[in-house]
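Please find the structures below.
Shared between the two complexes below is chain A, which pairs with chain B and chain C, respectively.
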Partner chain A sequence: MTELAIRMQGVCKAYPYFALQQVSLELPKGQVMGLIGPNGAGKSTSIRIMMGLVHQDSGDVEVLGNPMPAAQIATKWETGFASDDMRLYGAMTLEWHLDLMRRIYPTWDEPYAQQLLKRFGLLAEQRIKGISHGQRVKASLLLVLARRPKLLILDEPTTGLDPVARHEILREITSIVTDENRSVLFSSHNTLDIERICDQITFIDRGRIIDSLDKDTYMDRWRRLRLEIPSGASVPALPGVLGIRQTGRIAIVTVNAFQPELPGAYESSGARVQAVETMTLEEIFVANVEKSREEVEA
Partner chain B sequence: MKPIVYELIRKDWELNRVAVGAGIVLGILAIGITFFGGTVPAVIGVVCFYSVMGVLGSILPKNIYEERKNQTMAFIMSLPVSAIEYTIAKMISTIGIFLVFWLTLVGVAATMILTRKEIPNGLIPLMLVLSSLILLGFVLICSVGMVKENESWATATVILVNVSYSLGWYLLIRIPEIGRDAFHPKIVWNPILVTTLGVEFTLIAVLLGLTVFLQTRKRDFI
Partner chain C sequence: MNSASPFAISQSDKRPIYLQIIGQVKRYIAVGDWVEGDPLPSIRQLAADLQVSVITVKRAYLELEREGVIVTHHGKGSQVAPKQDLAEELQEKELVQYLELAVRLALQLGIDEKELQRRLRETMERLEERERV
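Now for the complex of A and B:
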């Protein structure tokens, strides 16, 4: 049986204007999971539940084998958490923060911390309130990474960063999972970042998990077919077809369970297959969200 | 005490080092005035020291609710600490800083009363009862700040508590057994004085217990 870093089962959490509904997901150890969703989808709430910062109304959560929120202290010793809205103490220097971490964590890796300081271009003696957003994010990550956590939970860490800073951070996160016992959960609405570093992908929208699979299977399953159809004919919805958009004699068919036989099946129905295209994660994400919303509204 | 709680307390003392440092310097200056001799410098010194304590009493509760306002709460709560440990650390650090000044004020006032012949020693029990009301008020402000996690609530409580001191002192002095022996040359305790002090410290303990209890019932910390 695969060892799990995170397991959420049927988790619900209700707020006056938002509810997390039956959220279930599993992150195997040694993997990087991308949690993708639009703003207000429930990414941050799910992550806060994983960290024990918010208690679920119902459902089970286990992080590194510890039940949450009951065993949150044990979990936090081994988990690094950073989020877009997390701030450090503005009046204090980065060195003060480093010193706090050194005193708390016996696992603190000082040579690695010094390495990261150089690599991220940070000055330890600088006050936090005097540094840029990008440097602040890097500083937060440094404080988390040098603890050598078994699990890294990052809530939209690349939001608002320039491409160079994003690249530096993503490279560092990727290097973490060269150790197969370390896992990462990475939330973002930037599908490009997720596509670059994640093994597993989970889509969340309006408090529900829409889909959760490994990235390769995802990318293989989704295709877009461009068909030319005889005048007056309509495109049949074959198995695996998620949606059809027809303009005149041209139809765009979006497929979420692509089979190699599908183009042939359309040819047999009288259509001419002009192209079979792979889709980007962003296109898959948008199609998935739209379909899910249609189903909920229906 | 768990090492992590100690580290959180130390962190708060370091973060408030400017307020603590300024308070200590101004407090020492105020105490210095009392040693010029005579009743007028003594009164001015005590009033100055009380003013420093009053200002600190209004500033220090920020240590509790600003963590959320400044969005540093997520950083602290991501450390291996439970909500209860966080609450205990916050209350100890904030009340601890205030206690340094409160104990100094009480100590200086007691020393002055005991060492000056013109001031009757009978004032000591009354001074303790009135000073303890200040401590009770500060603990109330901290408890509200911690439970409500909201600047508006904390500010309203600071104003309410500061306004209530005069009324509280007036009502306490009107109790005959409390003021009766204030001008006695010796310290005189009576059951009402002891009970009043007991009630004040019991209320402080109840407030602290209630704060921890209400924190345990919270389901969301960010």
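Now for the complex of A and C:
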């Protein structure tokens, strides 16, 4: 049995205009999970529940083996959390913040903190209110990274960063899991980042989990088929097909449960399969959300 | 990117990242930079160096192991497999792949067998010409 860093089982939380419904996910230790979904899908709410900042109405949450929110104090010692709406003290310097962390956390790694300061291009003596948004994001990440927590939970860590800064952050995230006892969960809109560095992908939309599984299995299930069909015919929706777009004799079929037999099945239905293409996470993201919007409109 | 790592992942390469890793390991062996018994980077280290997921590197290594290109000993990591004619064999496989690709492209462009053969001969002649110069 693989040990889990995070386990959510049937978690529900209702707000007046939004509800998280039956959210279940598992992050094995030593892995990186990407939480992906459109704005307002429930990513931040899920993360807040993991951190014990919001209490679920029902369902089980375990973080590093501790039940949440009951054991949130023990969990927070070992978990680093950073989000966009976490504010540093504007009037204080970065050094003041570093010193605070240094005194609170026994696991604080000072040489690593100094290394990150240089790598992120930050000056400890600068006041927070005088630095740019990107530098502030890097500063708050530095403050959690240098604690060397067993679990790192990051809400949109790369949003608003330039490409170089983004790569610096991704590099730190991937270097964390060189230790197989440490794990990372982060949410992002940047599908390229998620596709590249995550072992697990959890796709959330309208408060529900659409999919939560390892990245390779997930990506392998999606294909785009380009078909040429006899004039006047229409394309049958075979098993595994998510959507069909047809204009004249050309059809594009999006598949979310691909089987190797599918192209053959289309050939025997009279169509000519011109291409079977894999899809990027960005394309999968859009296909998923468009489908769920269609269902709502219908 | 860690400059010590001999790998480079291309984002404009349409192949999945694990296939790119497989291709690059094979290339190092094919050109003779890596020989029998040479250690490969650990899975987690390579994932960090390339800034890709552990699962992706693991998949590449499993595939390489299945093909007999590398061997993995528990706790000792992976090494280049003992097989003398590997370089040649890999180049042979590569040739088959490129030929298949050429035929597929020709079919898409509506080029028939005769025309493809003519183009192949032309290409060979052109390259031989260049060698001579």
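Note that in this section the second predicted complex is superposed on the first by the 291 of 298 C-alpha atoms of A that agree within 3 Å, B and C clash if a C-alpha of one lies under 4 Å from a C-alpha of the other, contacts with A are read in each partner's own complex, and residues count from 1 in each chain.
Please note the rule applied: contacts are C-beta pairs under 8 Å (C-beta built on N, C-alpha and C of every residue); 3 or more make two chains touch, one makes a residue touch a chain.
Note that the coordinates shown come from a computational prediction; the quantities given were computed from them, not determined experimentally.
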Inset, instruction - Judging by the criteria at the top, classify the pair chain B and chain C on chain A as clash or fit. - result: fit
Inset, instruction - Mind working out whether A:Trp77 is in touch with chain B, chain C, both or neither, as first, second, both or neither? - result: first
Inset, instruction - Pick one for A:Met51: touches chain B only (first), chain C only (second), both, or neither. - result: first
Inset, instruction - Report for A:Arg7: first if it touches chain B alone, second if chain C alone, otherwise both or neither. - result: neither
Inset, instruction - Quick one: classify A:Lys215 as touching chain B (first), chain C (second), both or neither. - result: second
Inset, instruction - Return first, second, both or neither, reflecting whether A:Ser140 touches chain B, chain C, both chains, or no partner chain. - result: first
Legend entry - Touched partner set for A:Trp96, first chain B, second chain C, both or neither: first
Inset, instruction - Give one of first, second, both or neither to describe whether A:Lys150 is in contact with chain B, with chain C, with both, or with none. - result: neither
Legend entry - Which superposed partner A:Arg206 touches (first chain B, second chain C, both, neither): neither
Legend entry - Shortest CA-CA distance between chain B and chain C [superposed frame, angstrom]: 27
Inset, instruction - Could you give the residue numbers on chain A that contact chain B in one complex and chain C in the other? - result: none
Inset, instruction - Enumerate the contact residues on chain B facing chain A in the complex. - result: 3-4, 7, 11, 14-15, 70-72, 74-75, 77-82, 219-222
Inset, instruction - Enumerate the contact residues on chain A facing chain B in the complex. - result: 48, 51, 53-55, 72-74, 76-77, 80-83, 85-92, 96, 100, 103-104, 140
Inset, instruction - Spell out the residues on chain A that touch chain C in their complex, using ranges where they run on. - result: 30-32, 167, 170-171, 174-175, 177-180, 192, 196-199, 214-216, 219, 278
Inset, instruction - Quick one: which bits of chain C touch chain A in the complex? Just the residue numbers, please. - result: 11, 14, 16-18, 44-45, 47-48, 50-56, 59
